[in-house]
Amino acid sequence: MGARLLTSAFFGAWIEEAARSVRAERDELTRLDAAIGDADHGTNLDRGFTEAVRALGDRRPATPGAVLVLVGSTLIRKVGGASGPLYGTAFREAGKALGEAPEVSPADLAAALAAGVAGVRRLGSAAEGDKTMVDALAPAAEALTAALAGAVREGPGADGAPEAGTPAVGRDGHPSAPEDGRDGHPGAPVDGPAGAAGPDGRGLAAALAAAAEAARAGAEATIPMPARKGRASYLGPRSVGHQDPGATSAALILRALHTVAARW
Amino acid sequence: MGARLLTSAFFGAWIEEAARSVRAERDELTRLDAAIGDADHGTNLDRGFTEAVRALGDRRPATPGAVLVLVGSTLIRKVGGASGPLYGTAFREAGKALGEAPEVSPADLAAALAAGVAGVRRLGSAAEGDKTMVDALAPAAEALTAALAGAVREGPGADGAPEAGTPAVGRDGHPSAPEDGRDGHPGAPVDGPAGAAGPDGRGLAAALAAAAEAARAGAEATIPMPARKGRASYLGPRSVGHQDPGATSAALILRALHTVAARW
Amino acid sequence: MKKLINGAGSVVADALRGIAAAHPGLRVDAENRIVVRAGGPSPGKVGLVSGGGSGHEPLHAGFVGYGMLDAACPGEVFTSPVPDQVIAASAAVHGGAGVLHVVKNYTGDVLNFQLAAELCAEEGMEVTSVLVDDDVAVRDSLHTAGRRGTGATVFVEKIAGALAETGAPLAEVARVAREVNTRSRSFGVALSACTTPASGKPTFELSEAEVELGIGIHGEPGRARAPMRDARELTGVALDAIHEDLPLSGDVLVMVNGMGGTPLIELYVAFAEVAGHLAERGARVARSLVGDYVTSLDMQGFSVTVCLLTDELTRLWDAPVETPALRWGR
Amino acid sequence: MKKLINGAGSVVADALRGIAAAHPGLRVDAENRIVVRAGGPSPGKVGLVSGGGSGHEPLHAGFVGYGMLDAACPGEVFTSPVPDQVIAASAAVHGGAGVLHVVKNYTGDVLNFQLAAELCAEEGMEVTSVLVDDDVAVRDSLHTAGRRGTGATVFVEKIAGALAETGAPLAEVARVAREVNTRSRSFGVALSACTTPASGKPTFELSEAEVELGIGIHGEPGRARAPMRDARELTGVALDAIHEDLPLSGDVLVMVNGMGGTPLIELYVAFAEVAGHLAERGARVARSLVGDYVTSLDMQGFSVTVCLLTDELTRLWDAPVETPALRWGR
């Protein structure tokens, strides 16, 4: 569609796509949580996003900020566990960062994502490398900001972005994402004009492709880590070799954002 | 050895042989009890006969009758379950029937066995065909009495008697014993003089071979019966197709009696 | 088989040591294998003795204490106690007013308690036996072993124990015990078999899609195998079987009992459905127990026991009791 | 997976209906998903609120009643409750003297109770939180989630509840709660994994020859897998781990807790060994609990919790309590 600015409908579509994706991967998320946690992450998020979609259906807020705050509050009110308050805070902080504007820019979205990640870090006091959702969220926020800021090189095109059907769950334990996607120099491709992700939808889609890819790679990179936060930390070294369920769901949610932007 | 009369040493040897045999078949007895009862018959009898052997070792009573009464009391005091009082009563009644004689005849033994069976019937109020130990004990007592009374025909010799190594546990559900073994006309062989089991050991061994075979066949014949007494009766028709554990152990104990007589 | 034990041969003795260490109100006589109240016999009070195979904990030792049993005789796992135990227990609790034996209707229990009662009588003790036979899964007939004694044992012991505590005579205590039994019925369902320490193997095999209906408490298979169903339907089967035998109405005492391996959350799910089934039949849950009271080692499953209350039974149920497994009012 | 339930989605709601039907002394607020004492808040009494994931029954709803909790907030299976539940529970029990939140140290419980406490404060309630973190299997460090809260929760809730019943102020109740936690340690061992209704599969696989040492209460694997051993050795591992962290001596309160699928006879076997191990270290079992108190659905295994008693703690432990799972003195 190529709309310059993002409306509350766009954010609503994101949440619907995220809910679909979480539902589809629910059992896989629970399986990952069974390995190093308590086997409820898929059920938790499925319950939460289903409720979030229902809440948005009951009264679709007029502004993007209000959409995300409502989603965050719903997750806090319905999920429980560690992921409920953490994802809830992420969405609430992101929503608050968007303020009351009826439409927001891609740069606003990037700032909001960064605010959300900051909220998670604060609440959970987890750093990157602790084997949590932060390991997927933080590189994704950085990648999005960097891509929109123009630090994007030519690449293999949109094909390099994760497809809706590509599992976010790593299969082999070897992160395949380029390392520079994690340190502020994303190597992921854009299909907009080179040098800058313009305000049009295709540029945003490309930047979100980079963010989604960074999240996927970040999730996969949790495999060799020993956990230092959350339930998995009780396992100590035995948590090594398993992908973090929260990082995996974070990658799913970022992929949903790209999917929606790509058809916007 | 060919001793004409049976001493308390003979009865002690019987109990030792029975204890060995129960120990060897313990798990099989428990397995049979698991199918239609509560999976303890092997453990129960193993505990009981082990204690009986110990009791006889502590103070070997001077008379056969006292040996059996002590064995019976020990079984009552150590086994519990249904089989404890029933086997205990069988041995006590048999012992009481032997009176205080220091040595007893094969005919006395037959009368004692019959008295023991009567005790079991009275206490358990089980009839033949109820799928209990009575189905092995009753035909064995009858066969012994009949064999000693002379109703014994020539047969294939001692080879037809059950060997110590032959499992008393039926394998195919078709009793292989001749029917006349159960109605007072035992077809089992003797190796003594035809027409009568004389008072010598070989005649007694032959008569006990008939009794043991009748017990084995009686145990096997419980397979197609629906149980009407004991725990197996709770299963109703589902008890059909399984050999009764108590009948099986009764056959073992009778086989032990023959084994001891054969080498007496 | 993995069990938290030191060996199959010492399970009962080891557990008795644990009971002794955990409950100062009980005295464990390891040599005689009996568990009695620490205080000794109460003069003028009828002594209550029960017992049966081990593997059903808290039954019976867990019900020894004020207002319930005076002594318990634990046999080997799933094996009734021997007469010596019952005689020793009876002698230990005999306070001059006679002794009541509460016997679950199994051939082994009946025979061993019978032999013991005869010997007690020879020693001059007045003994009365009450048979518990509440399990409707078993057809009652003169030509069978008759119904099994299961969950109602808890009701009989609690209510008779309460009456005995008032100083009532033996005949009265036996009368109320029989009345509880007459007014109570049970039905059990297994989702899995149990494994005895001695055999080390499940007593039967049950697929993921099946349940055993009408089980007893010794790991014996039930009356029938049926497809697995939800809690509402499984409790419905149990209530139907009970109702058919003893029409349910009025105030009832209900126990939803776990067989040993069933999580409490599932027993509460089952209890919700049982209460609903009872209400549909016009009966009202006046008193209840939810938990593990009469178990079969590690078996997964449940049993339901219902007792039609009278004012007297309700009053005796509510009377104070102080045992390891049942306690209120003190 | 075979479970006595109506469906994975309704387990918690169905169990709450069962709790409501079984315990007239409790009021279940199905809409807010909280369980409170039937009487309502006691004016001038500190309100005690706890909660956590379901699947640990009787924890927490089974500890609501006189002398213990005022309200429990059950979350989904193994999922901490949401702040709304905690807020509703706090409001329901607030009698003007403030509310104590007893929180087991899990990221989810901590975060949800924290958000709830902030919102309670905004609504003018005085709330203090006490963190339970007794599990020595987890290394405590600023750079980890810290020790888990397990069995000591029962001790904290009982003892703080007893003090609250005397009308003690919030700071005092919080002080004694923290003291119980400081003096208590736990260690758990699994013989089998548990199966959550939602996943339908055991949370881990364990061979016949292995145990998991240092497990928590959510079906998570333990710190290490080790060869299966007998009850004496397995309890020795637990006691060693506890003793290393908190030297054991004097009078202790001990709980040998079943994980849900462990037969009581095995818990008594374990208790006998625990008492022996304690005596070897010069500690004496002054008070004890043996049974299922903090479970993990159908998991087979046990945990040991030891609390070094003081006279005050013993007195408060002995004070009357009347809840579904713990009752004495009334």
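Going in written order, the chains are labelled A, B, C and D, and every chain counts its residues from 1.
FYI, a residue touches a chain if its C-beta (ideal position, glycine included) is under 8 Å from a C-beta of that chain, and two chains touch if they have at least 3 such contacts.
This one's a predicted model, so the numbers in the text were calculated from it and none came from an experiment.
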Query = Which chain's centre, taken as the mean of its Cα atoms, is farthest from the centre of subunit C?
reply = A
Key: For subunit A paired with subunit D, centre-to-centre distance based on mean C-alpha positions, whole Å   = 35
Inquiry  = Taking the mean of the C-alpha atoms as each chain's centre, how many Å separate subunit A from subunit B?
reply    = 78
Remark   = Cα centroid separation, subunit C vs subunit D, in Å, comes to 29
In subunit D, residues with contacts to at least two other chains = 77
Ask   = Got the subunit B residues that touch at least 2 other chains?
value = none
Query = Can the chain contact pattern be summarised as a line, a ring, a star, a complete graph, or none of these (other)?
reply = line
Sites on subunit C touched by subunit D in the complex = 1-7, 11-12, 14-22, 54-55, 57-58, 62, 77, 191-192, 208, 211, 228, 230-232, 234, 260-273, 275, 285, 288, 290, 292, 295, 297-298, 300-302, 322, 324, 327-330
Query = In their complex, what parts of subunit B are in touch with subunit C?
reply = 27, 30-31, 34-40, 42-44, 47, 76-86, 123-124, 228-231, 233-236, 238
Task = Provide the residue numbers of subunit D that touch subunit A in the complex, in ascending order.
result = 53, 75-84, 106-108, 111-112, 114-115, 137-139, 143-145, 148, 196, 198-199, 201, 203-204, 216, 218-221, 223-224
